[in-house]
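So, here come the structures, one by one.
You will see two complexes here that share chain A, one where it goes with chain B and one where it goes with chain C.
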Partner chain A sequence: MEVLELILLILATVLFPGVVFCTYYALFLEWVDRKFFARLQNRVGPWITGPKGILQPIADIIKLLAKEDITPNGVDRAGFVGAPFFALTLALFSLMFVPIASTSGILSFKGDLLIVLFISTVFGIIIIFAGYVSASRFSIVGTARAGLQFVGYEIPLFVSAIIPALIARSLTLKEIVEWQIAHYPLILCFPAMIAFGIFIVCSLAKLEKLPFDIPEAETEIVAGWATEFSGKKLALFRLSTDLKMLLLAGLATALFLGGPAPWGFTLPADLNPYLAALIYSIWFVIKTIIVVLIMSTLKAAFARYRIDQALRGFWRYLTPLSLAILILTPIVAYHFYW
Partner chain B sequence: MSEERMFRIPVGPQHPALKEPINFTFIVDGERVVDVKPRIGYNHRGIEKLMESKTYIQGLYLIERICGICSAAHQGCYAQNIEEAAGIEAPPRGVYLRTLIWELERIHSHLLWVGVAYHEIGFDTLFMYVWRDRERVMDILEMISGNRVNYAMNTIGGVRRDVTPEIVDNALKALDYLEERTKYYKKVTEEDDSILARTVNVGILKTEDAKRLCAVGPTARASGLKVDVRRDDPYGAYDELDFDVVVYDTCDLTARVLVRIDEVLESIKMCRQILQNLPSGPVRVKFKRKVPEGESISKVEAPRGEDLHYVKANGTEKPERYKVRAPTLANIPSVCEMLKGGYIADIPIVFAGIDPCIACTDRMLFIDVNTERKWMWTEEELRMYARKWYKKHLKEVVRERWKC
Partner chain C sequence: MGILDRMVKWARIRSPWILHFNTGGCNACDIEVLAVLTPRFDVERFGILLKGSPRHADVLVVTGPVTRQVAKRLKRIYYQMPEPKFVMAVGACAVSGGVFRGAYNVHMGLDQVLPVDVYVPGCPPKPEAIIDGVVKLLKKLEEGG
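Up next, the complex of A and B:
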């Protein structure tokens, strides 16, 4: 490998579209979410820091980093300190697979969709772990709820993410995106549009947003599994939640909305690669914002469910529905898409 | 499983769901609540004792500060009580205005509660909308009294301020808006699935339990008990107004929400009647600072239920004893009954269901559970007791503290 290529790869990993871009963009998405959610509720939302409060999420993180960092007595020290780092590292690592500035992510190999989904499952386990080691009553109840919710949403989420792979006949994100560029975004295909809905609902559950913020329902169990975390650790968890939102929005974009490719026209093959990267990134931003706005709207329209009601919903409706689509997809795809 | 081995969750005195200091220890089995132990007394401010050192006029402003939300109920009840003890009677226009403030306060209190209830079940969108609309009734109150929270409207012998025709016009307009919005919230509460999922058959308080545990106010009316001081023992201008006592018999949280929304509609109706039929004349009569020896009791229907005041006068400018029984205290046994057998997730909404006001509730009352003896202590006696107790138990206490 040439030296220049190596430097470019390092720059891509660290700066764009790697760690730095993803972090700031995730914080920006949090602002979009908060502002839009607030406007739906007839509030103004973040307002003071920066123009229209755009710097508020960054200010929150900086404030938390400056706060006293408490490790309560009786917690499992190694686990308690390690859990936020695990969460953040895994979120950043899985973002390396999401196509942002080109049709493939920074890392890309055959079957990488599976590894992204696998890592997203580990998030749930880290949350359970973090709550379990913090040895607080509210954390224990929150953890039990997180675990229960986890077994609810994980299967429909997986199945709905596999359906685009079935239609595009590949488990590689790059090839799914390229299939969509060659044909049409998968959200326009019949079974995949239902899968998109399931994916969004399960994403809300995975991000612990309303109406599925049951594991951290503040009016019931303070902050649930995150009750004991403060200062830097809480900042890392907050950041990893934002990154998770970016990951899920990015996955939804790559799987259903045609990835970072523009709608309506295809880029010529001999285009300057830097210009192409810019266009791809702009379309990625537009599409992820659309996904986040859909999530915010759903958040504003529901009351929080109780854990038993949420689980019943997942097992009685979403799981059978997603499995039914899974069976239906090859039949439909055989006739129309392959 | 024995009770000692079960999981205990402390809720309060500081907790995001309970805005005021009260402590509940919940004994839970998984997500189910097995038993509830309330503990009150974190907010004792000695108001009753302080009343004894204030003149009757000063007392007006102290009694108002028992509670921010039902301030007019307390103050009006106090004024009514002292008027009775002093043998004076407020003029009709004063009584009408007093009743107007009571009803406007009920509207604002109930809307506040509906918003809080939506927040407790995690429906923040509706919470924000309700509170936005509640600003309209706050504006009316500010227009009439000059204040948003502690109105300082009542005085002994009537009210302190009069209303002008412009205020009446503006208030009637705002009431139209409020009625339309309240009807919308009623529709949403009756139809939205995610609200119904969290409220139907939650926090059941059966009619006979409500009767046995002496529930008051909307809590009792949502359990099918038709109790309302305004109807049962009319005071103010209520015997001249046309209104219905709202009763629901499903005994659950949906009933408690709907009772309050319907009462807002009834209150709007009453406010309109008052504003359109205001009698003319003065708004207050003179009160001669001293009250002859004697006792008196006065009751009003505060937004949360029956509010009872007692005064013992000794012929001076100051009361000898003043006693307040606020509605939340009467509802604490009921809420413990509602919480048993429910889910942890339902604790905030069920507790909020009685519209608790801890500031009104806390008293220095000691109960020995073994002998069921009840007594009250003066500060000096309490101090003596504390000294004696520490002399006896010092070693254990020190040992306990050093261990931690």
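Up next, the complex of A and C:
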């Protein structure tokens, strides 16, 4: 019995819903993002690679893996080689906490929401590190911008992710999801829907997507912090960006959209666990795609901000707003939800 | 050819990222190159993306006559690109020097400086011609490897 459980756990970590599933699903989400973004701009987007271009992100990754891998003179060798691996490993590790095929992630313990948020903060630091060790003037400028943006978005992101935890009175993702199954998705609750908006905007900044792609603004500073990375290292960074997008979409799903549970009906408790896992993952896919489509729409609707405009937006509006709803939440929740 | 090689080749043909470099042209060619990327022609359907950094790019798209001053910098950009890399000469100026051919300050075409894979003549070439050039490059890749 114990051996079987161990094998199942290993399968869950490696295959589904672990590393392999997350990698392919993240690449699929990149395709969804690119295609929808292109359609909004009246383009066709990826088209010839696989049906409707669905294999495009995979082709990109394979091509980059097969390219020459240059380590320029003057870089810090260990840091330059290590940074992409760190980024990828941390992204995969944090995805273990996201509830995909059941109400809890593969790893789940008390207070795991804080761990996930902490790891997502480390991503920002890795980007700063990667730009700093590559010792090129464009990377340094990009790094400085990444650092500035990092201090802007991190606080509202954290606070907006804590608000669902306040309403559900738990810092564990599993219990937040179960609270939503027992009651209703948190996006329908008054202060949490504002928090959802803040979370999405800050996720765009974290992913360096369009209105906030200041650190890699290709029209100004070549490719920002990623300028010197080529071949395999660039492939790992691209993959880790996709995984980060999946992580943030998954977190938004778990925190605000009721996790992987279906909307409108609850699964009976005595359902076959494999069937339940299937239904849960289908709903997870639907909800994460919805979140990604919201992000792509915002991407297409806004042009890039200057760094001072972005910082002013974060510090003047989003941070005070998020702190205000942080104070408001317990009052509202005390009267209506607890 | 092993299955791995075939996969790599498949990926290479389907995701050529370009780097656009103007060596001193009159900007008409550049506008046509940009038109290739915008909604009407949209080469992202072939997986082509415009990249800012030579380290990320596969294809160097050069427009304009190669002046003596820019030749050294052009070479430096070329050496910064990771293998395998390809060069496209777009416009009469880049192909042969065009109207500036024979002038004291320009090279007689890009191939005096760099190995060129595809020539796209025209002054400026139409976006269709540039796409045709890209397709020829991809076909060359498919046959030659």
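The criterion applied here is as follows: the second predicted complex is superposed on the first by the 337 of 338 C-alpha atoms of A that agree within 3 Å, B and C clash if a C-alpha of one lies under 4 Å from a C-alpha of the other, contacts with A are read in each partner's own complex, and residues count from 1 in each chain.
Everything below uses one rule, namely that a contact is a pair of C-beta atoms (placed from the backbone, for glycine too) under 8 Å apart; a residue touches a chain by one contact, two chains touch by 3 or more.
A quick note: this is a predicted structure, and the numbers were derived from the prediction, not measured.
Novice: Can you tell me whether chain B or chain C touches more residues on chain A?
Specialist: Touched residues of chain A are more numerous for C.
Novice: Quick one: is A:Q41 in contact with chain B, with chain C, with both, or with neither? Answer first, second, both or neither.
Specialist: A:Q41: touches chain B and chain C.
Novice: Identify the partner contact of A:S230: answer first if only chain B is touched, second if only chain C is, both if each is, neither if none is.
Specialist: Only chain C; A:S230 stays clear of chain B.
Novice: Taking the superposition on A as described, I'd like to know which of chain B and chain C A:T23 touches: first, second, both or neither.
Specialist: Touch status of A:T23: no partner.
Novice: For A:S104, decide between first (touching chain B), second (touching chain C), both and neither.
Specialist: In the superposition, A:S104 touches no partner, neither chain B nor chain C.
Novice: Contact-wise, after the overlay, does A:V141 reach chain B, chain C, both or neither (first, second, both, neither)?
Specialist: Touch status of A:V141: first partner only.
Novice: Based on the superposed arrangement, let me know which partner A:S170 touches: chain B (first), chain C (second), both, or neither?
Specialist: Touch partners of A:S170: none, neither chain B nor chain C.
Novice: Please work out whether A:F302 is in contact with chain B alone, chain C alone, both, or neither, and reply first, second, both or neither.
Specialist: A:F302 contacts chain B only, not chain C.
Novice: Once the structures are superposed on A, label A:P211 by its partner contacts, choosing first (chain B), second (chain C), both or neither.
Specialist: first
Novice: Scan A:T329 for contacts with chain B and chain C and give back first, second, both or neither.
Specialist: neither
Novice: Across the two complexes, find the residues of chain A that touch chain B and also touch chain C.
Specialist: Common to the two interfaces on chain A: residues 41-43, 138, 218-219, 222.
Novice: Which part of chain B faces chain A closely enough to touch in the complex?
Specialist: 7-10, 15-17, 28, 30-31, 118-126, 128-129, 132, 192, 194-195, 197-198, 343-348
Novice: Under the definition above, what is the set of chain A residues touching chain B in their complex?
Specialist: Those in contact with chain B are residues 40-43, 137-138, 140-141, 144, 210-211, 213-214, 217-222, 300-309.
Novice: Going by the contact rule at the top, pick out the chain A residues touching chain C in the complex.
Specialist: 34, 38, 41-49, 53, 55-56, 58-63, 66-70, 138, 218-219, 222-223, 226-231, 234
Novice: Give the list of chain C residues in touch with chain A in this complex.
Specialist: That would be residues 7-8, 10-12, 14-15, 38-39, 42, 44-47, 50-53, 55-56, 58, 80, 82-84 of chain C.
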